[in-house]
Amino acid sequence: MKRTVPLIITFLTGTFLVVSFFVPHSPFGELEQRLLIWFAIVAGFTMLLGVDSLIRAHVRKVARAQGGWGHSAALLVGLVATVVVGILGRVQYGSPFHIQSPFMFIYTYTIVPLQATMFALLAFFIASASYRAFRARNWVATLLLVSAVIVMLGRIPIGAAISPFFPWAQEWIMEFPQLAAKRGIQIGAALGAVSMSLRIILGIERSYLS
Amino acid sequence: MGSLGIMIGTWLAGFLTLAILSFLYKDNPFYKLAEHVYVGVSAGYWLIYVAFFDVEPMLVETFMTETGLERWILLVPAALGVIMLSRWFPKIAWLSRWPIAFTVGVGAGLGITANIQGYVVPQLQATLLPMTGFNLVSLNNLVLVVGVVTTILYFYFSKPHKGVLGWAAKVGIVFIMISFGASFGYTLMARISLLIGRLYFLFSDLLHVID
Amino acid sequence: MEERGKRSFWEVMDDIDRRIIFVILGVVVAIPLLISVGSEIPPTAPVISAHESVETLEAGDYLMVSIDFDATSAPELMPMLHSVLRQAFEKEVKVVMLGHIAIGLPLGHAALEQIAAEYDAEYGVDYVDLGYRPGYIAVMIAMGREIEDIFGTDYQGTPIREMPITKDLHSYSDIDLLFGFEHGAVIDYWVRYAQARFDQRMTFGTTAVMAPDAYPYLQSGQIEGLVGGLKGAAEYETLIGQPGLGTRGMPAQEWGHLLVIGFIVMGNLGYFFTRRKRKAAGGAA
């Protein structure tokens, strides 16, 4: 029950979807559509799992008044407040996503600036890394560095002002050597994904059951 | 939202932006607070999303409007979804493997055909380029073909890189490094753009010093 | 202290507090933003193709717009989204929005409402927002057979069959072009699941991080056009003749690039000069 049933479920769904790709006619097509709809429904529930462990960890911290419990309390207050205003928005405006809904206020004025600023920090770290770590230690690193500098110069107007070589070289790098390497890597990754999928369907790869 | 609401919201957003930026000086309680608020609010957002973009329209409403078999068969995905939550209870946590097996099976089944039909075949086709005569087009096509082949040889052959394979792998690494350099350049552009976006918010929306 | 006094210029530079680098970057990017509004950026081939793909649409055709990004990449993708929506509404193309990154969806919706208002477009007639459903692979394939199976209602819960724009909308065969705005792997799923299987025409706007990965799709003809990063957004603004935040940000972008190139040069000069000294001292370089 604990291992065999999941392996059978994976085998049957996986095999069926491969077959229905080649035979999209009735009844395979309709059945595939049904499985896809079910998948979308179930996928939503997986999101709940992460939220649960988050709540548990922080409730524990607050209950035991561990160091930094105030921050955990802020996290929980934020979570509860968002859910409450979401439900309020549904009741009051028919949808939490209505432009007047307080849920959208929280979204616009907390989630957006926090998310955007966290990623903006990366600009500072990448600049610092460029200064400290981007060194021409050997020919391989030099190649990487030269390619990066040409691309950076080729994408700004001053690059073209210095020499038409930069925008030209930038486009050439992107369309030929860069593209070739990306394609090579991606073809390998795609074949790897296919073989992994086969291993999963055939029950050889079982790590998802642990 | 009234203008007072927008003003309060903008100042709140401004405070949170500066709280996160303060991390650049050093880790501090304002940053920690903003970080925790972010995690909490985002988790709440996800819950609302699951409720109003998944459970309500796809399960509850469909259950109310459909009839007969179409109605009752919805109990299957509903059950799979609920069983997924058995992870919360250690004694029956093993049950959650069933819906996980279902989602993994769907992903694997779809992935096989999609990767071959949607990537490997069209990308290989696009690499079979003509080389007619000694001209720039042929030369560029040659660069592309050699680049794809040598990159694959470099990454995916576990044999020792000696002899012909060794040379091919050396050529492959040239392409790979040029590609990584280009990716670094593009990543840097993206990060600077994000900083521009945040500074624009501070100067325009919060301080009104630019349009 | 005595040791410190003997240090060369390059050694001091090698050891500089990173916060000084942070301040320099902040100032160098902020100043152009304050004093310059930017000028037209000449478009490149991938962006011209993207613009062309929307130009092929006629009044009444359907453009599906996919919001596959969130606030972490909005500065790059929002200007593109604005331009594409302007171009579409100008041509009286019907816009059907949806999204696979739930946390970014309201950004897309706000842009849609803002641009629709500029053109007096009517919700449910000229444009619609279907919202989001989990499980994007399943959503993409299922839409190839029947959109209503997945999106029975729009983002506000209105049944799609009750709105004129979606009354007869069934599958990709009713969608003339898909324009996705991407900051992650969703572009790969669109191409591998919807383009390959249903032959859906597609064009993408991506973050600069994602653009290099999308070039193979462009060369293979699986996608029609590619708008990459803030520069791509500025180029698109040139093409529609309406400068926006893409063009506005380019001077700051330019100075940011120059500064980082300067950092790389300085870092390497320091590396070479101190390496010689380190070698002379017998230590490993």
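Going by the order they are written in, the chains are A, B and C; count residues from 1 in each one.
Here is the rule we use: a contact is a pair of C-beta atoms (placed from the backbone, for glycine too) under 8 Å apart; a residue touches a chain by one contact, two chains touch by 3 or more.
Because the structure is predicted, anything quoted here is derived from the model rather than measured.
Enquirer: Where centres are the averaged C-alpha coordinates, which chain has the largest centre distance to chain A?
Expert: C
Enquirer: Name the two chains that are joined by the greatest number of C-beta pairs in contact.
Expert: Most contacting pair of chains: A-B.
Enquirer: Could you grab the centroid distance between chain A and chain C? Build each centroid from C-alpha atoms only and quote it in angstrom.
Expert: Once rounded, the distance between the two centres reads 15 Å.
Enquirer: As a quick test, compute the distance in whole Å between the mean CA positions of chain B and chain C.
Expert: So the centroids are 13 Å from each other.
Enquirer: Could you please state the distance in Å, as a whole number, between where the Cα atoms of chain A are centred and where those of chain B are centred?
Expert: From the centre of chain A to the centre of chain B is 3 Å.
Enquirer: Which parts of chain C, given as residue numbers and ranges, touch two or more other chains?
Expert: Residues 22, 25-26, 29, 72-75, 103, 131, 133-134, 137-138, 141, 155, 157, 197, 212, 216, 219, 229, 231, 253, 256-257, 260 of chain C touch two or more partner chains.
Enquirer: Give me the residues of chain B that touch two or more other chains.
Expert: If we look for residues of chain B contacting two or more partner chains, we find 24, 42, 45-46, 49-50, 53-54, 58, 106-107, 110, 115, 119, 123, 144, 179, 182-183, 186-189, 192, 194-195, 197-198.
Enquirer: Residues of chain A that touch two or more other chains: which are they?
Expert: If we look for residues of chain A contacting two or more partner chains, we find 21, 36-37, 39-44, 47, 95, 97, 99, 104, 107-108, 111-113, 115-116, 118-119, 123-124, 126, 130, 145, 148-149, 152, 155, 174-175, 178-179, 182-183, 186.
Enquirer: Under the definition above, what is the set of chain A residues touching chain B in their complex?
Expert: Interface residues on the chain A side: 1-3, 5-7, 9-18, 21, 34-52, 54-55, 68, 71-72, 74-83, 86-87, 90, 95-97, 99-100, 103-124, 126, 130, 140-141, 143-152, 155, 172-188, 190-191, 193-194, 196-198, 200-201, 208-209.
Enquirer: Give every residue of chain C touching chain A within the complex, in rising order.
Expert: Of all residues in chain C, those touching chain A are 16, 18, 21-22, 25-26, 29, 39, 41, 44-45, 70-75, 103, 105-107, 109-110, 113, 131, 133-135, 137-139, 141-142, 145-146, 149-150, 155-157, 197, 212-213, 215-216, 219, 229, 231, 250, 253-254, 256-261, 263-264, 266-268, 271.
Enquirer: Can you check the complex and tell me which residues of chain B touch chain A?
Expert: 1, 5, 9-10, 12-14, 16-17, 20-21, 23-24, 32-55, 58-59, 73, 76-78, 80-82, 84-85, 87-88, 94, 97-113, 115-116, 119-120, 123-124, 127, 140, 143-152, 154-156, 172-189, 191-192, 194-195, 197-198, 201
Enquirer: Touching chain B in the complex: which residues of chain C?
Expert: Those residues of chain C that touch chain B are 19, 22, 25-26, 29-30, 33-34, 72-76, 102-103, 131-134, 137-138, 141, 152-153, 155, 157, 188-189, 191-193, 195-197, 207-209, 211-212, 216, 219-222, 228-231, 245, 248-249, 252-253, 256-257, 260.
Enquirer: In their complex, what parts of chain A are in touch with chain C?
Expert: 21, 29, 32-33, 36-37, 39-44, 47, 94-95, 97-99, 104, 107-108, 111-113, 115-116, 118-119, 123-124, 126-128, 130-137, 145, 148-149, 152-153, 155-158, 167, 171, 174-175, 178-179, 182-183, 186
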